Amino acid sequence: MPTPHEILSTVLLQSYNTRVVVLGTAMLGLASGITGAFLLLRKRSLMGDALSHATFPGIGIAFALMVSAGGSGKDLPGLLTGATISGVLGVLCMLAIRNTTRLRDDVAMGFALSVFFGTGAAVYAMVQTKPGAAGLESFIYGKAASMVFSDVVMISTVGITVTATALLLLKEFTVLCFDENFAASTGWPVLRLDILLLVLVTAVTVTGLQAVGLILIIAFLIIPPTAARFWTNSLRRMLVLSGGIGAISGWLGASVSALFANLPAGALIVLTAASIFLFSMLFGTARGVVLKLLDQARLQRRIGRQHLLRAAYEILETMNQPVSNQPIPRQRLLEHRSWSNPELSRLLTQARNEDHIEPGSNPAQIHLSESGFGEASRITRNHRLWELYLITHADIAPSHVDRDADLVEHILGAEMVRALEAELKPRPVIPNSPHQIPSPS
Amino acid sequence: MVHEHPPDCPLSVHDLTVAYQRKPVIWDVDLNIPEGKLVGIVGPNGAGKSTLLKACLDLIPKTSGWVHIYGQPYRANRHLVGYVPQRESVDWDFPVNALDVVAMGTYRRLGWFRPVGKAQKAIALEALEKVGIAHLAGRQISQLSGGQQQRVFLARALAQDAKVYFMDEPFAAVDAATEQAIVVLLQELRDSGRTCLVVHHDLATVAQYFDWLIFLNLRVVASGPTREVFTDENLRKTYGGKLSLLDHAAEAIRRS
Amino acid sequence: MNWTPDDTWIALTGALCAMACSLPGCFLVLRKMSMMGDAISHAVLPGLAIAFLVTGERASLPMFLGAAATGVLTAVFTQWITRFGNIDQGAAMGIVFTTLFALGLILIVQAADHVDLDPGCVLYGAIEFITFDTVSLGSTEIPRAALVNGGALLLNLTVIATLYKELRISSFDSGLADTLGFSSGLLHYLLMTLVAVTTVAAFESVGSIIVIAMMIVPPAAALLLTRRLLPMLLLSSAIAGASAVLGHWAALIVPPLIGFERTNTSGMIAFTAGLLFTLAWIFSPTEGLLRRRADALSSADGTT
């Protein structure tokens, strides 16, 4: 186990090697987080997957060409050029399939991925007999831990260029991703914008492939933007978060890998990003799962409370006029709506906790508290206002109104209720229900 | 038949045919729409209404024919055109708010690279005000109701400040209040000299909303002022034997 | 070229494997999940690693079970993330398979001291070497890979034949399938199990390149030639089989032509499938590029 001192020195980037690796992966995380966000919004997240496989034949062919030209074949810019060309060809092939057949994006991507990758495997097997071919695999599996300073310089150059271009074209990419047809109708060159976006992704992918490997770059393009989406509904904030999550995953994952000898950096970075994703999916403040469940529970509670109080009020109306607060037999409440016994008990407990029902007292008799009675009359009044509104303002048969009103009144806020009151010139007393109140059977 | 195409016409279509694979979707469409009209495009399902719109906007390739906007090819006069696509054509989960979407109407005038500024936001807000939902400007678009989403799309078209508007079923699945608001808005646009082409489904309201009608069923059955072309005969030619629809229409004719 | 009986076995095994993959592949393509084969072939790594760590040997069966289980889990996780997170299916798939692959890599590194389970052998199965691993059946020696892939093909054929109408309806309209009482969820997982089992069977014996390509390319080509499901399944199997045979043949004759010694049969099979797809793309009688061009010209003529 590493000592606290080692942990501190790694996380604070005191060792030169760690600094290089962490800086490189964090830069890459930033750039791919931002380009990946647009891919996600264009519903092409797996593009990175297709592209990174599509670079494969280019690497092999570039190697073979350089060898036959008398070079070593392992010249980095040459290999990267090969990878880029074949990646771009893969992208063009995909766009061509998409635009000239009725096959969809996923098939087009899958085609580019598998055929290019297969071709790459064939090319690679051919050139393997040439001297110096060993080690070409590192393009596929990456070697984050052995990154050197020149790699970082390259990643940073590409990363900054790509990020700057993406931000410069923020509004163009936004309208492309949101509404392609509208963009085209106003004269944006949709196909060229698409190609440009994919060229940016290619640049990130090719750089990333050789620095950190295939799986990590695919993950980097998908996971940070998806995680970011759970925290915000604003595109700008999503881009910032996505870049940030990518960078943090790179930093944390690479740091942990520096501490434990036996853990590959790329895999750790993916797992870090995946953990951030999981956390975001659960607890994200804009679309998180927990938030949604809480919202749902809250809504259910509110609707339950309103149903209970309105039922109580309607029963009180049948018991005496003018309405006054009296104990209500539990049995009558049970009959008033289609509640099951345990359901009603749950609602009553909830109402007791909210002080809408007098505490203690006989369980067979429900006695609303002062505030409960006030709330009940308010809810009943809103409900009837709404019913009245629907009846007078829309062509909905009155017999259908009640069901709608039940749903809608819970969605309308106080503001709408005030507007309705003004519109309907409310009477001094609570308006009568436009329905006959069903007498309990 | 010789067709005259006056140069100041907001939309003139000559001999337009669009074929998807081997099947022509619309053919031989010839239209001249005068300025300042509310134009309804009606026809049965699959009659090619959306296709006509998209072909006019260069969104799908034309097999033959041409489309002129104010006497110039679409490309030259694109800035005079506003477009309201069908509501289902986009992903409403997209992370933008209502104001952002409306501001998209100003992007093209803004040009490459320049970010959205105060001026564009002001235009967008004004457009949202015109459709009556300025108070929802900051709301994420998935949290808007169907009618509100449709209003956002209309506001975006208003922000384009165009002279000819193409609207693909703006009344589809909106509430009665929104429908009324849209009609009022369309009338205001017309009164300020704009031309609106609207794909519409409801024959019962067609005569009441529009002052010019295009009956479309693969080809143009009739095109002209509502008073002249909204006839039993044209309806029958357009809708064929779909009698239940015709009954609706007959009633509408009686009422008008 | 020197075609030996071994080459016949290789071509035959390749064809069996290609057909086995293309059958569930048709449904994947129709369900807009074409990338599932790719996803599963990466995602099974932790299954392999865990099976190895638990049993301590490279035995086939535990590895097979581990991998198939992880493959099904990939589909399950993808479904969860899509549903609960309200996320695009492609993105969900990408998250799941990269995470599982990373997990697998770490597990393998832990076991690496005493095993040659390097990721390379996961990606390049060796269809060239299948004849070294044979099973005696009566008097003939049959490569184990041929049996494994034949079994997968048989399994896929049986399931698809029995549940043909259910699979068809649930691929076309899952809501309708549910209302008719065929649980589309159940069918989905059944299909995913088929995909996982096929993937693992193929990939363990002949390598994953064939799997990924054969799940997408022949079905996509078939879809350009027909719009009906049964012809699509048949055409796609035929294209898959042809790709395998032609691919192996090409692997033997192409390298000498351009001055190399040999190449990788799996890769050539994928490449050949790509060529066949391109032919369909250009020459499809109903919607090929040529047909489209001709139609555009003829209807332009017809109207002027």
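Here the chain labels run A, B and C in written order, and each chain numbers its own residues starting at 1.
Definition applied: contacts are C-beta pairs under 8 Å (C-beta built on N, C-alpha and C of every residue); 3 or more make two chains touch, one makes a residue touch a chain.
In this text the structure is predicted, and so the values were computed from the model without any measurement.
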Chain pair, most C-beta pairs within the contact cut-off: A-C
Most centrally placed chain, judged by C-alpha centres: A
Chain centre separation (chain A, chain B; CA means) in Å: 33
Centre distance in Å when chain B and chain C are each reduced to the mean of their C-alpha atoms: 46
Approximate Å spacing (C-alpha centroids) for the pair chain A, chain C: 30
Residues of chain C whose C-beta touches two or more other chains: 86, 287, 292
For chain A, residues contacting two or more additional chains: 43, 229
Complex contact set, residues of chain C against chain B: 86, 286-287, 291-292, 295-296, 299-300, 303-304
Complex interface listing, chain B residues touching chain C: 15, 17, 19, 21-22, 24, 27-28, 61, 63-65, 93
Residues on chain A engaged by chain B in the complex (per definition of touch): 41, 43, 168-172, 174-175, 177-179, 181-182, 184-188, 229, 232-235, 238, 394-395
Touching residues (chain side chain C, partner chain A) in the complex: 29, 32-35, 37-38, 42, 81, 84-88, 90-95, 98-99, 101-103, 105-106, 109-110, 119-120, 123-124, 209-210, 212-213, 215-217, 220, 223-224, 251, 255, 258, 260-264, 266-271, 273-274, 277, 281, 287, 289, 292
Complex interface listing, chain A residues touching chain C: 40, 43-46, 48-49, 97, 100-104, 106-107, 109-111, 113-115, 117-127, 129, 137, 140-141, 215-216, 218-219, 221-223, 226, 229-230, 262-264, 266-268, 270-271, 274, 277, 281, 287, 289
